[in-house]
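Just below is one structure, and these are the notes that go with it.
Labels for the chains are A, B, C and D, by order of writing; each one numbers its residues from 1.
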Amino acid sequence: MSMVCLSDFEAYAKKYLPKIAWDYFAAGADDCTTRDENILAYKRIRFRPRMLRDVSVMDIRTKILGSEISFPVGIAPTGFHQLAWPDGEKSTARAARAMDTCYIASTYSTCSLEEISAAAPGGLRWFQLYIHRNRAASQQLVRRAEALGFQALVLTADLPYTGKRRDDVRNGFRLPPHMKVKNLEGAFEVCKMSLLDPSVTWNDIYWLRSLTRLPIIIKGILTREDAELAVKHGVQGIIVSNHGGRQLDEGPATIDALVEVAEAVRGRVEVYVDGGIRKGSDVLKALALGAKCVFIGRPALWGLAYKGEEGLQDVLRILQDEFCLSMALAG
Amino acid sequence: MSMVCLSDFEAYAKKYLPKIAWDYFAAGADDCTTRDENILAYKRIRFRPRMLRDVSVMDIRTKILGSEISFPVGIAPTGFHQLAWPDGEKSTARAARAMDTCYIASTYSTCSLEEISAAAPGGLRWFQLYIHRNRAASQQLVRRAEALGFQALVLTADLPYTGKRRDDVRNGFRLPPHMKVKNLEGAFEVCKMSLLDPSVTWNDIYWLRSLTRLPIIIKGILTREDAELAVKHGVQGIIVSNHGGRQLDEGPATIDALVEVAEAVRGRVEVYVDGGIRKGSDVLKALALGAKCVFIGRPALWGLAYKGEEGLQDVLRILQDEFCLSMALAG
Amino acid sequence: MSMVCLSDFEAYAKKYLPKIAWDYFAAGADDCTTRDENILAYKRIRFRPRMLRDVSVMDIRTKILGSEISFPVGIAPTGFHQLAWPDGEKSTARAARAMDTCYIASTYSTCSLEEISAAAPGGLRWFQLYIHRNRAASQQLVRRAEALGFQALVLTADLPYTGKRRDDVRNGFRLPPHMKVKNLEGAFEVCKMSLLDPSVTWNDIYWLRSLTRLPIIIKGILTREDAELAVKHGVQGIIVSNHGGRQLDEGPATIDALVEVAEAVRGRVEVYVDGGIRKGSDVLKALALGAKCVFIGRPALWGLAYKGEEGLQDVLRILQDEFCLSMALAG
Amino acid sequence: MSMVCLSDFEAYAKKYLPKIAWDYFAAGADDCTTRDENILAYKRIRFRPRMLRDVSVMDIRTKILGSEISFPVGIAPTGFHQLAWPDGEKSTARAARAMDTCYIASTYSTCSLEEISAAAPGGLRWFQLYIHRNRAASQQLVRRAEALGFQALVLTADLPYTGKRRDDVRNGFRLPPHMKVKNLEGAFEVCKMSLLDPSVTWNDIYWLRSLTRLPIIIKGILTREDAELAVKHGVQGIIVSNHGGRQLDEGPATIDALVEVAEAVRGRVEVYVDGGIRKGSDVLKALALGAKCVFIGRPALWGLAYKGEEGLQDVLRILQDEFCLSMALAG
């Protein structure tokens, strides 16, 4: 099987992953309208290609929050990487470091922050977190991430409750017994209610700020109003995201929301986007519309499912090549 | 079979109901364009989700014409419930009471008003009626409904003649011999011509008003002009409805008509909507666009077909959960 | 097989007609885009239904060029009716008379004008003609039609050459040997070149006018500019038509062109439309957009293919019933 | 098999060409969106047909850069014609001469310029070239073309690098060993890196101008900005082209870009277009929107694949007939 584009990895993952894992990664909320819109919205955007420009040398390195990465594509936070590959997030961390880009580790990793750090020392990593009902637990996670050299905190804002993903409900999805959400082990008593606090508001940004010297990035912003609030509350970055279409269905595609957010932010903080990136030209569109960098979610998981660390590198390398080619051809 | 969303109930009903019953419930007029548009129009409406609002406590109770219901979803008037479940409208009444919401009983019920009342004493119920050529018959129905504690009259305005539902014509649809339109038994001589009076006009609202102290709600309004006339003729409420796409094909979707009607009414009377509600987020959209409450037609029948009273409660509970989740995720 | 709507007749004709005949009737030019657009354009037009109007009595009789017909649907000129039914245009004439409407007989009939007249004496009929290279032949046809009591001439303007209908080319379509274009027998020497004159211009209307006292209707107008020219050249009526999508592909749908033509004409002459009528509600839309009457082409042929005269009456009766019902439901 | 329209040739080629050759000719970049848009965009353009104009005589001859051709359709430059037919570009040259039109020979021909010239002496031919890293090689090609009587140079501007055509990558596409890119034999050392120079800019037009007295046409322009630059840099013609959708995916369809380019150019130089021409009416649309002539790429290859020189003449003849008919029917 020759892997030519990201869809090839998707087809592979669909074929070889256990159905329950594939369904979990593929899931969108309700009718999956927003999940699919994320992709369709990119297709609706047209280039105006310019000719006869010297494209013999192209510099695609960029900086996010001051750290240089090899090209403007990072790894979005997604959970449960061991469902895709035995080494789980350790492989992800190694692939990201090998490709010299940023990996946002999820709270819901099946490896602990410590294992992730140890697997790829020196890699650029951010830590994604939620605010828990048990604030002490959140505080402890922040401290651990900071101590381990994670260079930013990514606060997910769009999950006061988990979206309704029908296939997961049908499958009765839960982690297999030999996998654990290691970051939360010991930090919580086993409890029936959700660990996440649905009463979180913008003021909790101040509380989070008080815990750490790390920059805070907010993930899940889709409107100009919330972008304005984010800037006002002092975040250092915004990830325009709809959680891969897994939370509220029938909201905007992220690339459409990016336009409105970037316009509202006017460069005061860095703006990133995730959701729907499937080709190098999608990256170029996102950058042209105001993103400093994009993050990939499902494609990274497909890469892991294909060949672990090596497969994820393949995915990133294909995106990189396509991104370069698109830049050259668009002038 | 696990019932996760309303489509699951639809699939069940399609599989297990007799074809003639399924066809009757599913039927739309002519090409079924409007029936399908009712659903598609919801999909075209996009949320602008807001983040970091305290959504730990949500109050979804509401009042319609002064009566409190547990959440803003009632049961629209549809005929012939015994085609879906042996106990027919008695089960519907019980489910509505159990879920603490409003049930609009149809004139074309296969249980009498008396049976419906007796099945679920104390439930909030409205009575749907037509104006018959034989006005005395209409008058008698109004008196019975009022005496039995129905709390409003819902006058259907969009059926001077029955729409052309091709499958019903092909099937030669009629009630099986052991079912009866009990509300009309004895009130009419058997006759060949339609019982309904196509010469009814707005002035007949005054006549209806003269018969009863109950509030009058008009069902079937789709334009601002008619909304204005409805208010002028003193109704207490308007149900924006196209009869589930079973009357005139290629009119507007109800959610689109709702916007124009709500704008014309400017809060002078309560406005409701039916048609096309398939998810909790549809309810949220309808409320955001001016409805005080929505009513479900076919989904209620699918619930009955699944497990009678219990199945209909399942449908309502799913809608309720989805509605809450949508509210939380939309901020 | 129960015939409930016009599509049922279409399905029947497709199943039972010889392929070469079905293909000929169904053919559109090139990619058949305009043929299909004729239908799709009706679907894009939405009603604004009004309620509670007295629709107990409806008068659907109308007058075209002063002659009363039972409802505003006539038979458009189409050729070769013997391909659909042995009695050919004689059956068409009888059905039109039985239903008390207008039949536009085609030059390319497989019965002669004399046979058509004799088959249904007293029926309202117009005669469709082209202008031939041999003007004497055209003149002779006009004289015959006038003498036989045809009440108007319908000049087809959109066929300087025959459109490219791929299936007809593939099939090598021509009339079976036992059928003849009887109106042209004897009038022309057998010749290889087309009989029609592609050099015809607006001035030829004056020539045609000089031959006859009959009203002249021009068929094939699609733009306001040509509508203006038609009025200026003294025609009594305009049929907005694209020849069923059989001539130039990718021009406008007739119902869309009707709006622009009716606006330009401002009532100075009568405007009719053909193409894409499949339901009674299509008739209502055409009338609401400025047509005095519509004409059906393929549906008439399907009716003939089903049961000759009787089948065509069925088609007309269904359209009539649907038209009445639509009027009532739209208020 | 009867060849009625260009799609028939496409179906034939798909059936009988080796898969690797078919895939190469059919390939579009990435998701093939632009390749398909080229065709879809034509379908979105509607005629406004005018009636009763004298269309008995039509003159479809035209002049491009002063040379008369029999109708405004030429052969676009495409590579590797021996993949379609053993005689390759020699057949193409003969067919173009037989039909009295212009053939733009590609640098990537499998016959040499000398062979092409010898095959059809006296035919109107232009030569398509790239600017190579080895400028001397480019210079030599220009000299050869000029010496052989090619009447213009067509500089392709949209290929600093080759687009990503997934099927070609999957197939590991390369020429079979018995075919050669004869124009480049001997001129270059075998080398691994691309022969084309991605650092070419508008200034290189001046360099090219200094080498030759032939008119220079630039191919690959899609925006008004680049059209303006092309005029400013003294080209004699512009071919609006996206390389058949084989370079940057998700740019504009050529017929859409033509409108903007023609508007910017305002007749200062001749404007042509290629991509998506499948019917005679497409030619008419392109001319109506500002093109002086169109060029066909894939359809010419399908014609070759069908019957070599004769098949390509069939393709051109069908287009010519359809073009005439469209003109007549559109008035």
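Throughout what follows, contacts are C-beta pairs under 8 Å (C-beta built on N, C-alpha and C of every residue); 3 or more make two chains touch, one makes a residue touch a chain.
Here the structure is a predicted model, which is why all the values come from computation and not from measurement.
Asker: Would you identify the chain whose Cα-based centre sits farthest away from the centre of chain C?
Answerer: A
Asker: With touch defined as above, tell me whether chain A and chain D contact each other through largely the same residue numbers, more than half shared, or through different ones.
Answerer: Answer different: the two copies use largely distinct residue numbers here.
Asker: Upon optimal superposition of chain B on chain C over Cα atoms, what rotation angle is obtained, reported to the nearest 5 degrees?
Answerer: The best-fit rotation has an angle of 90 degrees.
Asker: Report the inter-chain centroid distance for chain C and chain D in whole angstrom, where each centroid is the mean of the CA atoms.
Answerer: The computed centroid separation for chain C versus chain D comes out at 44 Å.
Asker: So what's the Cα centroid distance for chain B and chain D, whole Å?
Answerer: That pair's centroid distance is 62 Å.
Asker: So which bits of chain B are touching at least two other chains?
Answerer: none
Asker: Of all possible chain pairs, which ones touch?
Answerer: A-B, A-D, B-C, C-D
Asker: Enumerate the contact residues on chain D facing chain A in the complex.
Answerer: 30-31, 33, 157-158, 160-161, 163-164, 166, 169-170, 197-202, 204-205, 218, 220-223, 225-226, 229, 242, 247-252
Asker: If you look only at chain A, which of its residues touch chain D in the complex?
Answerer: 2, 4-5, 43, 45-57, 279, 281, 322, 325-326, 328-330
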